[in-house]
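Multiple structures are listed underneath, in structure tokens.
Paired with subunit B in one complex and with subunit C in the other, subunit A is shared by the two complexes that follow.
What follows is the complex of A and B.
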């Protein structure tokens, strides 16, 4: 029941909004719907927390033996919560952004929410593929219609790149379908026992799809352009939630399904991940556009998650899941800040800004806390995940190079401080200039959103235990499938 | 001892009140909250200390912080001899400095006044977590927390870009050390499965020498960042951009001693890793000497004190490297007294001189600032190691331990001590002796600071004078070293493993006498030389220029680290655009035809496309339902 509600609410709202003519009504409806989803999710975590409510299974395509099978396990709970937590904040924080055809904008946003939730809930490979595409397509339209400069060019690249990945995934899923004796059911995939050679083809296909989506170095070049060009509300969806689809894919559909190949080729991917972490961090130091800076920092952060998946250990995998959530809300916070700055000053160029702290103390305070979370300061949410991931990588029984990965990847802890503080300093501190001298503090809606995010950051950072508990089952499953302790 | 949580709790409350209500609180109220919470912590700390002194120690678990698999990291506090002693130093000196700040910062607007006290309270909170933590993770929370507060306070006057640069530099250099700390903790976790001190230390002798060396070396890297040792010391002199009480509290008395605390806490690991101990001895000695040479030629009153701090921290590391853990902790304590005193005294001078910090423009202040002058003189005598002031005892204990490691370490240590006497009395004489060299305007406004500033000076001067009697060496009186006796349970295991090379009492007395005579000689020389100081326009040359420019270490780092990192960032940025992305685009062009097809789908009706997709999905479902029937 819960999964169906979670998907239907945004889906129906999204479809309905195409026929709502008033922009403000459309925005309000979308906001209400996203709040409703949040309430349902909160109920699912508390009063409805029983298998009776949390799963839904009905036949869909009998010919292909594919089913409408949705379920909420620990990881889907985390990611669905992330999705329904972010959407109201995204809509509310961009409340004052002017979008032409605002009704369609919000309609598409709702449809992508439905797609994202479907991705996290599906326990059937074909269904998963369907929602994977459903999440992508509305975002494609959003970018190409409401994006900034060069939007068509950038969006086509984004679309083709990720669509190509999806096709590989479909092929991989069909290969699995055949191996599983004509079933798309996740449970059947988990029963498979294949030789590493047999797994390789499937691994390659799925890995390509996820690598592009996350993105993994060197498949990342669509991402900074897209984040920069997309309207900020859409960038929020892309980076806070959609980037997690790829990591989610690794944990749900790759590592436990083709464990031997994951083990065997783990070092290759882990090496790419470490290179990507360092590469993106170095580039971030030199970025002048706030959006591109955050885009590259995101590549570095996701790189660590990929590393921890391919140099796995029990705590490390749990860390990945925690970090997916943490990174989601932290980067959302960064975008909210950037959106507020862009709306106020009409620029995202670091070199044009400076001294904002004098006129906008509360924006500064919130930003500093979010930035600190981004660089994994203890007692913020990201510390928990990063600590567990690095610790897991260093002690991983699956690789000989755990120490090398940790030391090299650990350098991003320093580099992260370099680019983050450089940004804070050049945007907020120092003397004001003509542009920033006339600033006022941020509007109420932005303050509310940032306050909620900051409270979330601190709560999770001080008492991560309830979230950690959600990640135990899957971590256990993956390690078992890979024959690691 | 369950009430130990109150100790960090009070400053946290102070931080929240002053931080959140900074728009509405009046300045006096901010001052009362800010200082009051630290006083409350101090009172609780005294109670805890009394209990520890009576023989009780405890580990208090508040809640389960992080756990996975077999790993449990509780949010727990450890109250024992070492931590209770540090609690007293932090909250005691912390309170005096808060009190001092209430007047020193009075010209700030009430908003920034509250921000200042909020940061300062947050700092004390973090420092208390660092000291109380019962495992490396809780310690690390405080460890990073103090780094953050230091960043916030160095950059407190954020409009000045120089200051915020200094703040950034401090944070990043600390982060380099923090990575070392983290690597040590991860390594430790993977080998022992725990971060809790008592469990780790119980398992210490089961770890291989190789693992111990790696873990301790990484921990030491962490310590070089926080405690400003070579190669990560350059942030500390720049940190003087912060308000002077901050320099006293954070960059002299407490935070920078965190590395010493951490190593003293982990003493058994270091005792079992002789290679690391030698490294510490070398780095400590090198830092003590290098910083002392730079201090000889600095003209900014705070910069002299900053390099002096780096140098004194070097002495503490000499103690740690030589296995004299008690000596190192003893020097932390006495140094906290006299360096806080000297910084606050400097603050009083700067306050009187209207933000003038260059000692070339001072002189003859002894008459106008009698209290500041007298207390400052006591501080100088204490740091120079004149008996029976506190610095004499603690420095002597470290030098004696260095002697045990070899004559060379002792000689180098003494050379450093002589330089200390020289630069401190150069500073003293140029500031307080001779005639006034500032402007008439400044001279006209010269005044002694108010009581809230001089009372802390007097109290600290008393502590600096008599603090040394807590550790009277055996050469004067057997079993009079109270501190050694008190801390012995903490260092018990290490002491049992150490081979001591006690020198004979006669040698010790003789060496003490010679060193003291030399120090007095140097003091007299510097005093008379710099009392007659006159402003000149001569530029230094040769070694003097080298020292004035701090051995050009900052320039070296700029060339070897900063520039290459920036260049790499630019290079990778170009590679991304013209390398990887160009390949992707090339591949893309070959499928341009396909892209045109996709574009057609987007011709106008955005909604219809998605609608079609959903309808398709539902249709398939409906067909299926019918087929089944």
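What follows is the complex of A and C.
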């Protein structure tokens, strides 16, 4: 019942909002609906926490033996919580952004939420593919309609890229379906035993889709452009939640389903991930546009998660799980800050800004905490995840290059500190210029959102145990399938 | 049998109705009533309620597949009448009743070619389809492009008919029968070469009719030159009907040959996909783009033959339905536009939101995005090919082409929604809008539950 509610609330709200003419009413309705989803998710974590409420299974296509099978297991809980936690914050923090046809903007935003939740909840491969594509369509319209300069070209590139990956994934899923004796059920996929050659083909096809979505170097070329031109509210969805679809795909549909290929070819992917981390960090240092800087830093952070998946150990996988959540809210915080700066000063260029701290102390305080979380300082949530991942990679029994990966990856933490702190220094400190001299402090809604995010960062940094407990079973399952226990 | 007889009778009736009723809208209403009756008659046969018994000496064979396809073809023609009746009347030469009559004759040919059990019936079916089409192509008598298209279509079409007849002759020489069941059973050692040569000629002529590469050269010119309203009919129902005839032939006669036709077919599929998709990118006119996209879609439908199995048969029904509904819808909107270029669509979302929204749904369906019937059509085609194993390269090639097709389909969406302009369409009636909305609803409903259509295959 919970999964159905989680998908239907944003879906129906989204469809309904197309007929709401008033912009402010549409915004309020979207906000209420996202809060309702959050409440349901919180209830699912507490009072409704029993299989009776958390799963839904019904015949969909009898001919194909595909079912409407949604379930909330530990990882779905984590990512659904991330989704329903982020959406109210996204809508509230962009409350004062002016969008023409704001009702349609919020309608499409709600539809994308439905799609994303569907991806995290599906336990049937065809259903998963369905939602995987559906989440993309509203985002395509959002980016092309409300984006910045060159939005149409950039968005079609993004769409074609991800669509290509998805179709390869579809073929992979069809092959798995045939291998599993005509069943799309996730439980049947977990029972598969295939020859290494067969696994390798399927591995490549699924991996391509996930690699493009996350993105993994060298499939990342769509990402900085898209993050830059998309309206900031949508960039939040893309980076905080949609990038996690790829990592989620690795942990749900790749590693446990084709374990021996994941084990065998893990080093290749892990090496690409490390190259991507270093490459993205070096480029981030050069950026003058705040959005591009965060976009590249996101490639580096996701790269670490990919590394930990392909050089697996129990601690590392657990680290990925919690880091998916942490990275989601940290990067959301970064975008909220950038959105506030852009709304106030009309520019995102680091060279045009400076000395904001004198006029906006609260924004500065929040930003510094979020940036520290981004570079994994102890006591912040990212420290927990990144430490566990590095520790896991170093001790992984699956790879011979654990030490090399850890050293190279550790270097990106230092590089991350370089670009993040330089950004803070140049934007918030130093002398003010004409533009920033008359600045005032941020509005209440941004303060509230940032405060919530900062509290989340610190809470998770100090006491991560409840989150980690959610995914213990799944991490064991993945390692069992790879014979790494 | 019902569909064949009734469509012929209605065709004749409509031909004479132009003497009795001069009013154009009366003629349209008669045509709509006739198509509804025809649909009911075919339903009666499909569900085993009532049918006209005629001894056809084993030349026709009515299967659930063929009858379901007849229903689809007749139903879509009905929608087409509702959408495009006004456009048929707008063609200034001749009375619309003549055109309706020709369309009913085409439906008669469709019904024959979905039920043939003898190569002669196949030939007659295809010809009954083709000859009215030559007339419809040239119906805009004062337009040079229309004349050129009709002549070109007629010359090329009769050429391919000749090839088909030659093929049938060779097969008769090899097997001494036209009957499909007997061809599959009979073995005449030493005449395998005649048989295979005949099959090759048949393959070429049918590939011509479905505009598969490298026999597609007539398509863009004919589709572009013909009045838009008839292009829509030609590119959908007619093409689908030939595919239905083709798959039956492939499943029976071709399988009697020892030669493995899959290699030739895979080359045709790859060439069709490649030429259709790549050329469509460079078009400036939406109408020409749709002509090339129809070649590309034919490439996907050929997958049903290439990977012939139970899945692909279901897939072909779904594909023909989804493709026809979407294409008829897009052409109906296109017919109302003043400017057929991509720029002509700029800003349509602001002036005609319903037209833009439904057209987008049709385009998404053609591109194969989930939640539209187009996704399941492509899914079935790919799944059939993957299940058979073997030439996986063709599947990957098809995927690449599908991605390319997104590019040009989405160009129309970009024009409508993201570019500013003042595209407008004169005389859009509520009926037109609601028909489009109903068709979009069908596209989405079957995109969620394709078994609503497929279950009828098994009655």
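As a working rule, the second predicted complex is superposed on the first by the 485 of 485 C-alpha atoms of A that agree within 3 Å, B and C clash if a C-alpha of one lies under 4 Å from a C-alpha of the other, contacts with A are read in each partner's own complex, and residues count from 1 in each chain.
Keep this in mind: a residue touches a chain if its C-beta (ideal position, glycine included) is under 8 Å from a C-beta of that chain, and two chains touch if they have at least 3 such contacts.
Source: prediction; values computed, not measured.
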- Task: Could you look at A:145 and tell me whether it touches subunit B, subunit C, both or neither (first, second, both, neither)?
- Result: both
- Name the contact category of A:218: first (subunit B only), second (subunit C only), both, or neither. first
- Task: Quick one: classify A:410 as touching subunit B (first), subunit C (second), both or neither.
- Result: first
- Taking the superposition as given, does A:61 touch the first partner, subunit B, the second, subunit C, both, or neither? both
- Query: Who contacts more of subunit A, subunit B or subunit C?
  - Reply: B
- Query: Just subunit B (first), just subunit C (second), both, or neither: which does A:311 touch?
  - Reply: neither
- Message: Looking at A:167, would you say it contacts subunit B, subunit C, both, or neither? Reply first, second, both or neither.
- Response: second
- Message: Tell me the contact category for A:442 with respect to subunit B and subunit C: first, second, both or neither.
- Response: neither
- Considering only the touch criterion stated at the top, classify A:175 as touching first (subunit B), second (subunit C), both, or neither. second
- With the two complexes superposed on chain A, say which partner A:338 touches: subunit B (first), subunit C (second), both, or neither. neither
- Message: On subunit A, which stretch or stretches are contacted by subunit B in one complex as well as by subunit C in the other?
- Response: 60-62, 130, 133-134, 137, 141, 144-145, 156, 159-160, 163
- Which bits of subunit C are touching subunit A when the two form their complex? 314, 364, 369-371, 375, 379, 382-383, 386-387, 395-396, 399-400, 402-403, 406-407, 410, 414, 417-419, 449-451, 454
- Task: Write out the stretch or stretches of subunit A touching subunit C in their complex.
- Result: 60-63, 129-130, 133-134, 137, 141, 144-145, 151-152, 156, 159-160, 163-164, 167-168, 170-171, 174-175, 177-178
- Message: List the residues on subunit B that touch subunit A in their complex, please.
- Response: 63-69, 71, 111, 137, 140-141, 144-145, 148, 151, 155, 158-161, 164-165, 168, 171-172, 175-176, 178-179, 182-183, 185-187, 189-190, 565-566, 568-570, 572-573, 576, 580-581, 584-585, 588, 591, 594-595, 598-599, 602, 606-607, 609-611, 613-614, 617, 620-621, 624, 627-628
- So, in the complex, the side of subunit A touching subunit B is made of residues 11, 14-15, 18, 59-62, 68, 104, 107-108, 111, 130, 133-134, 137-138, 141, 144-145, 156-157, 159-161, 163, 218, 220-222, 224, 279, 282-287, 314-315, 318, 355, 357-358, 361, 372, 377-379, 384, 387-388, 390-391, 394-395, 406-407, 410-411, 413-415, 417-418, 421-422, 425, 428-431, 463-465, 468, 472, 475
